[in-house]
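Everything on this sheet refers to the single structure shown next.
Letters are used for the chains, namely A, B, C and D, taken in the order the chains are written, and counting of residues starts over at 1 for each.
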Amino acid sequence: MKSTFNVGVIGVGRIGKIHIENIIRNVPGLKLKMVADINIDDQMKEWAKKVGVPLLIQDADDIFNDPGIDAVVIASSTDTHVKFIQKAAHLKKDVFSEKPIDTDLKLIKETLEIVKNEGIKLMIGFNRRFDKNFKRVREIVKSGQIGIPQIVKVTARDPALPSIEYLKSSGGMFFDMTIHDWDMVRFQTGSEVEEVYATGAALVDPEVGKIGDIDTAAIILKLDNGAIGIIDNSRQAIYGYDQRVEVFGSKGCAVADNEPTNTVRLYTAEKTKEDNIPYFFLERYMESYALELHSFFESLRYNNEPSPNGEDGLINAIIATAVQRSYKENRPVKISEINL
Amino acid sequence: MKSTFNVGVIGVGRIGKIHIENIIRNVPGLKLKMVADINIDDQMKEWAKKVGVPLLIQDADDIFNDPGIDAVVIASSTDTHVKFIQKAAHLKKDVFSEKPIDTDLKLIKETLEIVKNEGIKLMIGFNRRFDKNFKRVREIVKSGQIGIPQIVKVTARDPALPSIEYLKSSGGMFFDMTIHDWDMVRFQTGSEVEEVYATGAALVDPEVGKIGDIDTAAIILKLDNGAIGIIDNSRQAIYGYDQRVEVFGSKGCAVADNEPTNTVRLYTAEKTKEDNIPYFFLERYMESYALELHSFFESLRYNNEPSPNGEDGLINAIIATAVQRSYKENRPVKISEINL
Amino acid sequence: MKSTFNVGVIGVGRIGKIHIENIIRNVPGLKLKMVADINIDDQMKEWAKKVGVPLLIQDADDIFNDPGIDAVVIASSTDTHVKFIQKAAHLKKDVFSEKPIDTDLKLIKETLEIVKNEGIKLMIGFNRRFDKNFKRVREIVKSGQIGIPQIVKVTARDPALPSIEYLKSSGGMFFDMTIHDWDMVRFQTGSEVEEVYATGAALVDPEVGKIGDIDTAAIILKLDNGAIGIIDNSRQAIYGYDQRVEVFGSKGCAVADNEPTNTVRLYTAEKTKEDNIPYFFLERYMESYALELHSFFESLRYNNEPSPNGEDGLINAIIATAVQRSYKENRPVKISEINL
Amino acid sequence: MKSTFNVGVIGVGRIGKIHIENIIRNVPGLKLKMVADINIDDQMKEWAKKVGVPLLIQDADDIFNDPGIDAVVIASSTDTHVKFIQKAAHLKKDVFSEKPIDTDLKLIKETLEIVKNEGIKLMIGFNRRFDKNFKRVREIVKSGQIGIPQIVKVTARDPALPSIEYLKSSGGMFFDMTIHDWDMVRFQTGSEVEEVYATGAALVDPEVGKIGDIDTAAIILKLDNGAIGIIDNSRQAIYGYDQRVEVFGSKGCAVADNEPTNTVRLYTAEKTKEDNIPYFFLERYMESYALELHSFFESLRYNNEPSPNGEDGLINAIIATAVQRSYKENRPVKISEINL
């Protein structure tokens, strides 16, 4: 049984950097061999040197062509995911890819077939499954302590609206942001979504509405076991990154509240005060990124199917498609309506 | 300006008893003259004597016919509300009535016209508006501290399923239970509902489904200012009476969590434990019942329109009708679809 | 077995009014016959009328001389307690007296002997034993859930410094304020104090120091079972009435935190805020005053020894004397040093 | 200005390993050159290889004799601290040393004079000053938000009694455990201790008493600004590592509660439950160890006096000596009584 795996990383953006630092510092079983980015500049070079990247290259093919590289971590822009996954598959390299696989369901399906035929492993970066709080909720649910899940609630609110430029190419709020939330509902319950109803509006900034997107949403999911999922989203929670999960069932309820920044309470003449919750995903989910790569390593090492895998990526994209249709047509949409 | 008002109470059930004790002990401006119940037995007589009811009678007409009685508190069964409100109106007695006014929108409208024509005051018992926590949220919202409301969430779960007998005559979950929750959304935002989407199931007990009712529900409301309301309900939260409200807006978020039974935390070798939240509405909302009667007294004394009033009762019933239709037809229903 | 008892109340100050209202409204087994106060004015008369006092008199002897009165509630100034308790005892009337019995240990002892000889019941108003949170801690400790108590911590801080006039006649901080806290240590553990060490200072206001008193204190108690008590006090906690209890033992720890004013949390751009804790004892301990009178009633009805009783009053005064000596001489003082 | 410093580490025990991993992974400005331990075995060699130790040697003198090493981290047994600090000083190498410097005040003073004469930097490992919660309290206190500190409370309870063997050579509870706590009081207030009173007992295990030690303690400190410090300790808090700090002042109170293990609350039919707090210092203070080394690096880089420094080590040892005398003689002891 191999105990270390050589990896290459494609994409040195915000998420790519997190993965690279985690591989170097926190996942000893993964050995970073090289990192590719199409746009290398001096700042990136300096950063790479500082954190200890052994080789920074421009052409991702150098990674694919290196027979010593066992696995590829894909953190490049969404529109390149499918291409790189397929290439890795054909070269029998395992893949960890950022979500979403793509927004085109046909392309995803085609890619998963190649993955299957080539027999590689494909893990998709739904990192919140590795957050210690949400994992604890899942353990509790799985152990039966809350009985049969009946209502699952996910609150996910970002601290600040991204730029309109970003939003234009984001694939829309549901594909870009909410996709994590039904993945969380599926993760917590182990059940699949059968029908969705979505509503939303551009309440934070009317400019968002002008480009055909929304910044505030509420979604109801009907699961195959009869349970109901409820998601609420906003692109701008002025007090920080609001991330909560609640699973209510026949024997109890497990609630994961926001992580506190610290435990200090200040009592003053007017109010009792606490510091705000962590500002954004880098603070809140930092640990989860290391844990998901560690999980990827373990699935390589012990030859287990990774989780979440490509199938999860596909299902989450199908739900996104259904949610989008529900929002546009203002009616509940069955998942079975979505043709692949 | 009159500073005390003589009242009669109709109905000595669970809620009637609360109102009677509050009038005697906690609302000095209301003087209880008599109490009527169609089914008087020895236990009721004994109870009445113990708490200090001055006169217990069988015929509510004795209350209506007493010119010394200024106001009537109606806590009898739902199907008698309209009849008693109309009778009180014609005799120029002000009315505090339990919710709902009725489940028939036409009857409600007719009754409100009589109330208007006769010029009496009519307050409806949406007592949760007087809960100190929810009131505090409303104060914060009203003061502008959370900016413009964008998402309002109400969680309302009863501790235990009522008997199937009770449910059969309850008017269904939406009229019986959820009606409080959109009233809360309206109260918190000061906005009106324009469209609803409701889903639900009989997850607690299949017997509930057999009588055509549900015990678990999720509802999305679209408000006239663009904000979104989200309600989730269960008839059986095994850990107690789960009652929470959250208003999220452009400048912040106000969250009213459950009242703790006490503040004691017990740290043991296995777990950190707290006592469960209060079991049911008697424990949780006791104070709110006194405060709503006090508010009724003040509207009598200072000649103000009571709040919530008959109009609130009507609107809440219209929403219940729309929600019911949405659930049955599995589609969003506009409030404007509901013909009076 | 008698089920109702006629009572008279002496003293219509802040505490007297609380007891009077509780007797009228919340303890049905106690029937208020008359109330005496040496200084009756129009405001008091009006108040008495409003709450329903049947008879307001100036001379407490009218209460003692009324053979129909079973029990006396003493809420007059401390220097009258002993006189009234003795008088009541000789007339075979049971007594509920505010704390402290007196600051003179000899006088207390003499009085308790009369109480014993005459066979009346004497309950002392250490009301915090009836606070729902502290009672819950006691239940947990008694049930063995935290094992053998090893450390007991009491934090008791008043919201604002009383007037220097008040302090001059208060008997000093230990007799006036801290006496509740070692009573709490004794109540929680069921153990007695063997030795004390006290330190303190006038940190809030140097004027307090000028009259020979302190406003800030820390006290260590050694209990007869080896456990250690720790008390900290301040006369001025600018954020409200800070009242906490913690019992740490071999199997766990039970902590009663401050009661929240409400459960609302407000998340804003700068901070997360809560309303301050209740301002003072009227808000925090209101319920405990009703419960202690109810307990007094039950000890009358079922002929049980009241708790806390005169003996508790004596012991708490002995500890106060030892604490005062420890503070003055800056050394640990054994309780056995205190001669009666 | 030098931006990286070569370091050697002496001692590969529990704490030494933490420092070594932090230097390698989390403090880029410190470059680990070699590590010395008097007892090297295969397990240690394997660990060293795994984490990336460049050179593992037996003789600490190899570190001292390497002119390329700028600074030494001392994590060997307490009785070697003074010897190594002095040697490093004579060789002009800066030192980070674990606490305590020694238990002999004369030896400490002598060592600090050598440190001063040779002009090296000496930082002492009172790591809790770098805990994010306690640091936040200090920031609040320093900013004046709680006004003038009046009462400082430190609760520090270990989860489990160490072995009797360990305790025999630990220097006693005050030197081994409580020394962190008055350091915390000094850190939070910026004030110095003038007098102490200590009490304690062997309540956890009578065997501890037989070796002349205690396992439970309460200590009162009088500070030079009049404020009062209160510490309570236990060697065995069965629910985990209980570490809390509270600073109460003229304008408010800042309270750092225990870190939660996660934010999940589980509501069940009987109780509301949370997972216990972190079990011991490795979980709770892990981050603080990295931050203190980072602070050491910064004092090297910017040529600042480190904090806490040797003087803090001396003062904390003096207080330990006074506390021990207070406990033994059962009387308050002034710091000025302790002769150096």
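Here, a residue touches a chain if its C-beta (ideal position, glycine included) is under 8 Å from a C-beta of that chain, and two chains touch if they have at least 3 such contacts.
Because the structure is a prediction, the values reported are computed rather than measured.
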Exercise. When A-D is set beside B-D, which has more C-beta pairs in contact?
Worked result: A-D
Seminar exercise, completed: Note, CA centroid farthest from chain A's centroid sits on chain C
Problem set entry | Centroid spacing, where centroids are CA-atom means, of chain C and chain D in whole angstrom | 42
Exercise. Whole-Å distance, chain A centre to chain D centre, using C-alpha means?
Worked result: 40
For this session: Could you put a whole-Å number on the gap between the CA centroids of chain B and chain D?
Result: 58
Exercise. Using the touch rule from the top of the page, what residues of chain C touch 2 or more other chains?
Worked result: 237-239, 242, 251-253, 267-269, 275
Exercise. Which positions of chain A touch chain B when the two form their complex?
Worked result: 147-148, 150-151, 153, 157, 197, 199-201, 203-204, 216-218, 220, 222, 226-228, 230, 232, 234, 236-239, 242, 248, 250-253, 330-332
Problem set entry | Of chain C, residues touching chain A in the complex | 237-240, 242, 267-277
For this session: Using the touch rule from the top, collect the residues of chain D that touch chain A in their complex.
Result: 25, 28, 50, 132-133, 136-137, 140, 145-146, 251-260, 262-269, 275
